[in-house]
Amino acid sequence: SQGAIDDHKESGQSTGNSILLATTTSTENSGLLDDILPILTEDTGVEVKVVAVGTGQALQMGKDGEVDVILAHSKKAEDEFVQEDHGIQRFDVMYNDFVLIGPKDDPADIGVLAKNDILKALSIFQNTEETFLSRGDDSGTHKMELQLWETLGIDPKGRWYVSAGQGMGAVIQMTNEMLGYTLSDRATYLSMKHNLDLDIILEGDGMLFNQYGVIAVNPNKNVQINYEGAMILIEWLLSEKGQGLIGEFGQSEFGQSLFIPNAK
Amino acid sequence: MQLQIKGLQKSYKGQTVLCIEELTIPQGSFFGIIGPNGAGKSTLIKMIAGLIEPTNGLIEYSGASITDEIKQKMTLVFQKPYLLRTTVFNNIAYPLKIRKIEKEEIQRRVDRLLRDMEIEHLKDQKAWTLSGGEAQKVALARGIIFSPELLLLDEATANLDPTSVLMLEKQLKAFFHENKTTIIMITHNLYQAKRLCHDVAFMKDGKVIEVGNQEKVMNYPESHHTKEFICNEKI
Amino acid sequence: MGQILEGTKSALMLLLSFDREIYGIVGLSLYVTLTASIISSFVAVPLGILLAVKDFPMKQFVVRFVYTMMSLPPVIVGLVIFLLFSRSGPLGVLRIIYTPTAMIVAQICLVMPIIIGIVYNGTKEKGREIQEVAETLGANKMQTLVLLIKELRINIFAAIVTGYGRAISEVGAVMIVGGNIRGDTRVMTTAIAMLKSQGDYETAIAIGIVLLLLSFLINSILYKLQQEES
Amino acid sequence: MGQILEGTKSALMLLLSFDREIYGIVGLSLYVTLTASIISSFVAVPLGILLAVKDFPMKQFVVRFVYTMMSLPPVIVGLVIFLLFSRSGPLGVLRIIYTPTAMIVAQICLVMPIIIGIVYNGTKEKGREIQEVAETLGANKMQTLVLLIKELRINIFAAIVTGYGRAISEVGAVMIVGGNIRGDTRVMTTAIAMLKSQGDYETAIAIGIVLLLLSFLINSILYKLQQEES
Amino acid sequence: MQLQIKGLQKSYKGQTVLCIEELTIPQGSFFGIIGPNGAGKSTLIKMIAGLIEPTNGLIEYSGASITDEIKQKMTLVFQKPYLLRTTVFNNIAYPLKIRKIEKEEIQRRVDRLLRDMEIEHLKDQKAWTLSGGEAQKVALARGIIFSPELLLLDEATANLDPTSVLMLEKQLKAFFHENKTTIIMITHNLYQAKRLCHDVAFMKDGKVIEVGNQEKVMNYPESHHTKEFICNEKI
């Protein structure tokens, strides 16, 4: 009955001032959201419940109307998401970049041979059979990596190409263990760096740009979606205060920003 | 309770271990069953207690077939009694507890029975620490405490010492006279059958070979099977 | 190796820190797993016993089905519960997804077959005898069941401990249906999984040790209760 | 809901597709879990029985320790095994990390306490009696143990089924020490977790169903073996 | 095997259930133990078999304390026998199997014993489907198949029918004479004690009240406890 549904609405988790945010593991693993969201709640009264999943699942949950808002980093997939009417509009929030990390002594000399050319670096892997670890989990990072191979016209296969199917943190640990190379977002790498024998081997290539976007899920999907709450979060993230907090995150611990705010 | 057995049969995997055309045990009789090992005595008594389904035939209790109500009014004391993992007192009190009898009343009745059966000293002992004969006494006490109308005993005194056997027989006789119970007792002790039973049935190979007045069957058996069996009475 | 020792030290520090968040996580873990285990026990113990003492058609099949359900992967349970209770799912109106309630439901699905299976096995052999005693002494169906539970308590205890062990240690199901939401549905195992993926092995192991200490405590209490009875 | 039905359909398609990768994953799952369960059984069954029939100081403590280990979280086991066998760990020279061997080792740690605990409980009550019979008939220690195993086979069977269920369904430990490497250490549960994180619920459920079908098959075989003996 | 018991005592939670100053059972004797339920008979025989640790005192087997080798040469048939969950044949064959005797030899010996004990028809039956008396016969057969030098029997004929009791006594006598075995037998059947035993001990309340030549103890008991007990012999 309608009454029963109303009752649920009052006690439900995504009505009123509570919203569900699906995001990728990298934002959670870096600790950014834990850092800034309590301030949002203070400012606006909106409580954000974060579910950290892979990009693939995050978008799937958006499509199914399971969450109210998505924060991800796979621009192409996100645009498609909005085009298919699953979301209202996509906003740029911030960016960071991907880096190629590998053993400190860089046995394949990639740092020297490839300079700052990621495509060249990847082609070296295929030739030398040096171990390269792929996320292999359909995440934003994985999609970006696949795009690079595609540009190169290479179908990566063989014992040197390890497809892990796990989150960023896990794959970095595997890389560390296997003394291989992998592509990581800078934030996750920096937050784990102190436990690793890995260094940044290559950075700064324009192709390694990593843009994060935020999308409110289309409220027409079901009555439970809290569109207003989602928009409050988005506006706050894009506001001067939100952007400032994003820029500050990591300064004290790493001496540099892990994410660079770039809302338009 | 009167018992009527008609065309009763029990088979395991095609092998018939019991086959009784007809047998009537009148209300208020003290009925003995004797016969060699494997004759089917326990099978019969378990079937009467409703624990084994007959393959064929039926048993009537005062004209009716078995119901929960009838089950409430009868009991079987097993050849190898299973005692609950608790004290002797709780074992004997159990049938009264499930009949929702008041605590004081239970206490009173169990205490009296413990005294009558000369096992007061075991009252608080754990059942699994009892000696063989003590366990059998407790099982018997548990069986008669709620005054069942039909009491089925399967070699219930086999592990008792001679003095205890006599004591128990006295108890049973008193119980029988007070309650107008029907008692069916399996025993290998032919003296005991003589001392207690009005009627006896001799079973062999799943069949009732001979049944009738105890004195008649035990002293002037008709079948040579019975005769052969009885002549070993001094064992 | 050093990390394991460090973890042990951290575990104590963690417990002594009286950190509100840690205690919240521990409390929620206990709430979810104990609720799930208790509810499961109430249903599964009688079911396991009935399965053992009753004869019915297809019994062999049901038994093997229960055994199979004992190897239900938590991720699958999580996924199915998620799909059932998600907003667009058939039971979405109940709105329990990403709440402790959903976690309890998922764990019940995992724990129930384990308890049924172990209780069934323990009852199979001795159950008939106990049932016979109860019946000959005039117990009705309910009283017979109660007696079976009392007499088989050692085995039932093992079943519940095993089921509880499954609940407290599993992460797949509670992660999916609970979402590991900070301050809301984060339990010890999901916290461990998260910390591990962040490379924070020490804290992960520390929480793991806390979890084991708690298990030890709960097992000891259950064990005492069971001992005293016998 | 639709996804669950779709998943069932996909499961059949998947099995009939004779896809080499799928069969590789299934095969590795069976290899790892069966090896772990068999090795665990050989050690844990005798240990559980000894624990039940022998008296020794601190026995109560050991029993409670075993019970506690039954709730060992797979993630913690994975982590500890990882730290032990990692490059810099004390056993790093063995170089088994990210191989099926490491996965087997981790699962043994999980399965062993479960089998010990359940066997212990099932032996506690009847074990003494069986031991007495063996001893009075002149059996030596080894022969007594063999007889105990034979007589208690129903309970031991339950213990192994439960342990195997734990092995085949757990994901936390094998994910960490195996790494879910495609074509190498990817087993059914890690594949399910990965597919789920990709939002591919259907295939996840399909593999889950395959897993359950296999469990059913294995349980049926074990069950048959056990039945025939008795 | 000769048995010597010195200062033997068994207590449970401070309660002494057995206390025997001295008792010698000479090699090759057929020794009976009688006494009321709970007297400590089973406790004593289990202690002799090495199944219960004494609280105090010791038992010597031909002068030595118990070893695995001595254990191999003796056996105890229980009051409530536990049969292995397999066939009758396998139950009886078990002691031979663990002694690594050849298959044909086992087959031969078990078959002969089955015949002697008149239970051939049970050979392939599952042990848990046996009747009470059948189970007891199987347990007995299992106990004597390997010709132990010391045979301990705890009410081993309590559930047998009179004919079987006689048959079994004949078996035991034959076995006793053939093997020069020492046999210690607990029984509540005073006739049986008379028929079989050279010496008997009367136990009560954990103590050996009287011990000596069977005819002397049974016919002219010294203690009034014994007298009282014996006078119920016809039970």
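Letters are used for the chains, namely A, B, C, D and E, taken in the order the chains are written, and counting of residues starts over at 1 for each.
Throughout what follows, a residue touches a chain if its C-beta (ideal position, glycine included) is under 8 Å from a C-beta of that chain, and two chains touch if they have at least 3 such contacts.
The chain lineup, named per UniProt: B, E = ABC transporter related; C, D = Binding-protein-dependent transport systems inner membrane component.
Just so it is clear, the structure is predicted and the values come from calculations on it, not from any experiment.
Colleague: Would you mind checking the shortest number of contact hops between subunit C and subunit E (ABC transporter related)?
Modeller: Between subunit C and subunit E (ABC transporter related), the shortest chain-hopping route counts 2.
Colleague: With centres defined as the mean of C-alpha atoms, identify the chain lying farthest from subunit C.
Modeller: Using the mean of the C-alpha atoms as each chain's centre, the farthest one from subunit C is E.
Colleague: Quick check: how many Å separate the C-alpha centres of subunit B (ABC transporter related) and subunit C?
Modeller: Each chain's C-alpha centroid was found; their separation is 46 Å.
Colleague: Where the centres are mean C-alpha positions, what is the separation of subunit C from subunit D, in Å?
Modeller: Distance between chain centres: 17 Å.
Colleague: Counting in whole Å, what is the centre-to-centre distance of subunit A and subunit E (ABC transporter related), each centre being its mean C-alpha position?
Modeller: It comes to 80 Å between the two C-alpha centres.
Colleague: Two or more other chains in contact with one residue: find those residues in subunit D.
Modeller: 176, 196, 201
Colleague: Which positions in subunit B (ABC transporter related) touch two or more other chains at once?
Modeller: Residues of subunit B (ABC transporter related) never touch two or more of the other chains.
Colleague: Pull out every residue in subunit A that's touching 2 or more other chains.
Modeller: 167, 170, in rising order.
Colleague: Between which chains does touch occur?
Modeller: In this structure, the chains touch in these pairs: A-C, A-D, B-C, B-E, C-D, D-E.
Colleague: If you look only at subunit C, which of its residues touch subunit B (ABC transporter related) in the complex?
Modeller: 129-130, 132-133, 135-140, 143, 147, 150-151, 230
Colleague: Which residues of subunit A touch subunit C in their complex?
Modeller: 4-5, 8, 11-13, 20, 25, 28-29, 31, 34, 49-52, 64-66, 167-170, 172-173, 191-192, 195-196, 221-222, 224-225
Colleague: Which residues of subunit A touch subunit D in their complex?
Modeller: On the subunit A side, the touching residues are 53-54, 56-61, 136-139, 162-167, 170, 174, 176-179.
Colleague: State the interface residues of subunit E (ABC transporter related) toward subunit D in the complex, per the touch definition above.
Modeller: Going through subunit E (ABC transporter related), the ones touching subunit D are 49-51, 68, 71-76, 78, 82, 84-85, 94-95, 98-99, 142-143, 146, 148.
Colleague: Which residues of subunit C touch subunit A in their complex?
Modeller: 86-88, 92-95, 97-99, 179-182, 184, 194, 196-199, 201
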